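First subunit A sits with subunit B, and in the next complex the same chain sits with subunit C.
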Partner chain A sequence: MLQIKPILSTLMRNKSGPILLLIQIILSVAIVANASFIISERIALMDRDSGTAEEEVFNFRLYSFDSSIELESQLQRDIRTIRDLPGVMDASATSMVPLSGGGWSSGYTVGNTEETAKDTESAAVYYGDEHMLNTLGVDLIEGRNFYEEEVLTGSPDLATHGIVSKAFAKASWGDEPAIGQIMYAGDFGDKPIQIIGVVDKLQGAWVNSSYLDNSVILNINLVNVFTKVLVRAEVGTLAQLKEAIPAALHKDNRNRVIEGFTLISEHRKRVYRNHELMATVLSMMVVLLLLITSLGLAGMVMFNIERRTKQIGTRRALGAKKRDIISFFLVENYIICLVGGVIGGLVAVQLGQQLMSVYSLPKLEPIYPIMTIMGLLLLTTVAVILPARKAAKISPAIATRSV
Partner chain B sequence: MLSMKNISKVFKTDLVETHALRDFNLEVKEGEFVAVTGPSGSGKTTFLNIAGLLEGFTHGDYFLDGVNISNLSDNKSATIRNEKIGFIFQGFNLIPDLNLAENVEVPLRYRGFNSAERKRRVQHALEQVGLAARMKHLPSQLSGGQQQRVAIARALAGEPRFLLADEPTGNLDSMMARQVMELLEEINRAGTTIIMVTHDAELARRAQRNIQIVDGQVCDFTMYQHGAVADKPHLVAGDKRAVEPSSVEAEEATS
Partner chain C sequence: MFFYYLDLAWRSIKKTPLLSLLMVLAISIGIGITITTLNVYQLMSENPAGDRSDKLHGVQLWSQGKDAWKEFNGQVTYQDAYNLRKSDVPVRQTAMFVTGLALQTEDPDFSPLLESVRVTDSDFFEMFSVPFLYGKAWDKGVDTEAMYQVVINEDLNKQLFSGENSIGKTLYLDRKPYQIVGVTKAWSPSPLYYDVTTGAFKDSAKLFVPFSLAPIEEYQSWGNNQSWKREPINNYSQRLSSEMHWIQYWVEVQDDKQRDEYAEWLTRYVEQQQLIGRFESPEAAAKVSNVEQWLKINEVVPEDNKILVGLSVLFLLVCLVNMLGLLLAKFLKRAPEVGVRRAIGASRAQIFSQHMVEVGLIGFGGGLLGLLWAWGSLSMLSAHFDLEAALTQLDLTMWIVAPSIAIFAALIAGVYPAWRICSTNPSAHLKSQ
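Moving on, here comes the complex of A and B:
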């Protein structure tokens, strides 16, 4: 049985306690709504798929300091050696590693004539051979892979064929088919680059860039004293390959430094560390705020039970059932919570707007304050019912026993 | 109306067992006005609490209005308290945060009456005690006697068959006490059975029937001598259900 009217008048006649609680609830809702919005934004960012087999693919760095090494043939021998090691599924030299935070990026020019020419968005640029797609574990959805004979060894400006990510294809050519399109690298070479394939998804190295999903793979085995190698191997074999790869390569030539074995999944952890930290700190804040609010609620209820012992006994004597006593406290605190929740929701939207303009965050979605208020009502139920059950146990005999 | 047979009530604490009532026997008939006296700590409040279903008892049988009270659920007891019994307390027990109308309304809300019915009954009950004009006042704005009248209005609003009062005049000066007593007598004349615990021998004497509790038992059980009843002609005239001396004697024999 709801008794809103007399409970409201009771609240209006004893404002100070409820008002303190109200302020606490307003602040909690405003902060929790925005914090949980930011948390979910961050989690959504962290959840983005790189398109690669992150648990299987690792890279290492290969530094040849012996100037007598013939780099081109050495690299080809090395890659073949690695591919033959047990546990290794594929390997490819590369210019960059997904999610690693470092590498190459460039914009291109597309269009056939001077008038129709336009610049594309930036894209991460992977240089690699026909093994690269398989090594990364990306899905080719259109066109084809490089043929072995198409892959050139040497410098970036030799590139003639390109495989692009779907996102880059869409950004550059819209709904037109990407296969067969030509693009120019500008500073990185004046040869036309023909698009021969599209992969579903391949991210670049910079998770905070606006063009993370734009990637281009060009048909070049880069030759350099400093090379990065991508290896795809069965899950769990990294520890053993960390030993086996340097051993095998050093057998060929000792004068190299081989180091920095890192899974893409480890790169992911590192590049998203700040996001994760932010999400963790904010989650802890949310939990803490909700905890403090429920303690405040429960404390208020306990205080009121103490203060109203005789009243509760009297109400029981006059015919209140146990559930009437519990619902008395529930309704009272639901009222406070709803009023605080609605005001807090409005404050949350205001706060969201401030954050939006000052920290260029996206606009707070209304579902967050709404969910926060719903969560708070749930919390109120628990925080009130636990102590209120004690109130329900107060004997009606209190009515005659206490003066 | 009310029938208690061999009721006993033991309070157990860590150290002691208190036998608040021992083999307590009592019959109260419909329409009676019973005054209960006895020394402090003799078990008067315990008796009233058990009679009013405010607490349970250890042994014995209790029938109220034909209902066996021994094994009632908590909810059922609450319903009986709400519908059949009106309580008046020594300390008035008004709810300080609620105004007079809201206070009188409390049991009516638990009864589930709609708002129009509640309003009508609150108005009527407060008129009966002469405080309808002060409906919106808070209890703290009233004198003790007025507060007790509000409490009586609250007890009456549900039109109970049975009114229990534990020292209703204990906190009032004699002037106000007399007013409250007159109100109770009027209510009794209208048909409501009343059991009133009191310390005030003079007030007790005005009741139709006196019982005394000593050491947890009904000790002395007196019907007012005819002479004394004659002192209160309104009671004899107004109450057709006055207990016959013969039946009292019969009860005395069983107690």
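Moving on, here comes the complex of A and C:
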């Protein structure tokens, strides 16, 4: 019914064309499967939520270069000034900014006795005050926030209370409740920090690290000539606050550089830029590749039709319907596509394994070659049907004309 | 003969415009993608040190404790840097790091700028071939007897002094006066090989100050600070005596002999430090790497780029196979015409070269169009992603590379169809005329 036998013998009579098509399909499937896998993997990476109100929160840098500045009281005055500005919802000094690519990270010691003590996974370390949770816009799901009187000002070593992200709590204490646990900034027993709260989600600064979701907030207002300040303000007010904040702070003391106003959503764009670039270039490649393959296929079919004009005319004269002619070309194409697709799928898996062993790419999931073959079948159907319909219109008379 | 073939080729291309256009498009897209990825790859993997690559060496020390990092760190501790500077084996050497300082001028209305500043030794400029517009580096004596001197770059000189010779003038960094001793010409190697710790593709600093000022001025480090040891670092003197890695160290040697000599000196240094209780790991050692090795160790070319180049070469391969198929179709269609030419005396070699010229012409067209694609996609990428200009300008060599690859690839794809057509028997086609 599908005329597979005559089609096969046609294919065998003139091998070079179909073989070339086969090679092209094998390579296309191998490339497209791997490329689309990498694309979807990158998109999944970029889709991860930082846990913060990314469109509302921005940060800026504050550098006090005048050694006569009393940093501690100056910082407190500055933060109060910022909180009073119109449009500002909250503000807090910080040691780092989510997704910004720079900041602090550390591991801690946990355990009940010195013998069972172990190191935790690394975590991003945010030093901030009781306003930090609200400034970042993260959700506290267990325990409580810092009390105002718990927040200390000075060096990182002073920390006594901590709020951790759910991911870090799970990695460090498993299913035990995190609230009330003690972790040590030094060796076991050294510089204890009591966990008082858990936030649902808070990412660190390095999106390519394995511990992106591990975060710790400690009850310290860092005092340093170089300070980062986080501000949460109504969407769209950044442009105006960019002017208002330096003006307000310079009124207090001019000897500071105030710059680098950046929304977290802008940090996100920058920090994922390379992934986005990779996904874009690969998508371009996939689209062009499919375009070229289908154009090439259409070209081949057109050529075949010209060569087989006589054959088609004869078949039509002998009673073949238009439908039969189209299905002849379609089935021919499907045979090549399926054979090429299967071999291409195997090559794709092989290529994926090579990429995995040489580069840090995850294993290719089989769904990608399968989807690619399906897509290719669909695409080639269109690429074949258009010229084949022309072929079906060949009049039987043509066949007899030049014999 | 060649021009006659060229003419024939042009006629043949005009006769089947659609098919020819398809071929040119196929090869140009393949070339466009390949050139795009190759261009970025080439610019990233370029060795900007040129012929000095074998003389300049980055120094690494395995100073960490037993169970700490399992590899050499890219930077060294301050105390090691301090000690290494005492070696008299290398011709030149420098310790360095990046800091940020508030810049003011004598003009009270000038609003302070926060600038990144490289803290380094006087040898830096000679080692990394920094060209000077005015003045020169600070004296070698300043490396031991600190003085408030600064070297600025051409851009900053334009911005602050409208490009005039500013030697001897005063700048304020964190409110301290510094005397300008040199103005460098625009200079920014890419990749910024001497400090890749915070990304290899950025501009070099606009200001340079003596390393000997670091313990006095307590410059903060704007680079990576990596500790393997839990130790309190709450003030600058603790930082200087800590095991934290945050200083880059480079030496220049005359030749391989001197490099070996220096490696030997470092080995003795490690042994000597072990005696006083540092370098506790059994793997403790020192390592020097020239610029080429340095770029490799630090994986300056990101993996993504290698994957892209690999995939785009496969892509080009698909385009070629595609073209091969189309060429085959096109040439075989012309078999009767070739039969006539053969019958009236054209040799196989002539038929073959005639068709190769045609293929070459298509390849050349594809190459040119491919360059256009590459240029377009690079500008689009750089605009959309705000990439460093250094990475997205079309390298000059590509103007030669692209058409060459295109013609070469097209010729390879054309060999089989051209051979098929010239080896067919003329009588078979003459009969059916």
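Rule of thumb we're sticking to: the second predicted complex is superposed on the first by the 394 of 403 C-alpha atoms of A that agree within 3 Å, B and C clash if a C-alpha of one lies under 4 Å from a C-alpha of the other, contacts with A are read in each partner's own complex, and residues count from 1 in each chain.
Everything that follows uses one rule, which is that a residue touches a chain if its C-beta (ideal position, glycine included) is under 8 Å from a C-beta of that chain, and two chains touch if they have at least 3 such contacts.
Keep in mind it's a predicted model, so treat the numbers as computed, not measured.
Once chain A of one complex is fitted onto chain A of the other, the partner contacts of A:T81 are absent, as it touches neither subunit B nor subunit C.
Once the two complexes are laid over each other on the shared chain, residue contacts for A:S105 go to neither subunit B nor subunit C.
In the superposed pair of complexes, A:M300 makes contact with subunit C only, with no contact to subunit B. Once the two complexes are overlaid on the shared chain, A:V281 sits against subunit C while remaining clear of subunit B.
Once chain A of one complex is fitted onto chain A of the other, the partner contacts of A:P396 are limited to subunit B, with no touch recorded for subunit C.
In the superposed pair of complexes, A:Q3 makes contact with subunit B only, with no contact to subunit C. Number of subunit A residues touched is higher for C, counting subunit B against subunit C. Of the two partner chains placed around the shared chain by superposition, subunit B is the only one that A:G319 touches, whereas subunit C remains out of contact.
Within the complex, the subunit A residues that touch subunit B are 1, 3, 6, 9-10, 13-14, 310-311, 314-322, 324, 395-397, 399-403. Those residues of subunit A lying in contact with subunit C across their complex are 16-17, 20-21, 23-24, 27-28, 30-31, 34-35, 38, 61, 63, 65-67, 155, 157, 186-187, 225-226, 255-257, 259, 273-274, 276-278, 280-282, 284-285, 288-289, 291-293, 295-296, 299-300, 303, 306-307, 355, 359-361. Residues of subunit B that touch subunit A in their complex: 45, 48-49, 52-55, 74-75, 78-79, 81-83, 87, 89-91, 93, 95-99, 102, 105-107, 109-112, 138, 154, 158, 166. Partner subunit A is touched in their complex by these residues of subunit C: 19, 22, 25-26, 29-30, 33, 36-37, 100-102, 112-114, 174-175, 220, 230, 232, 234, 302-304, 306-308, 311-312, 314-315, 317-319, 321-322, 324-326, 328-330, 332-333, 377, 381, 384-387, 416, 420.
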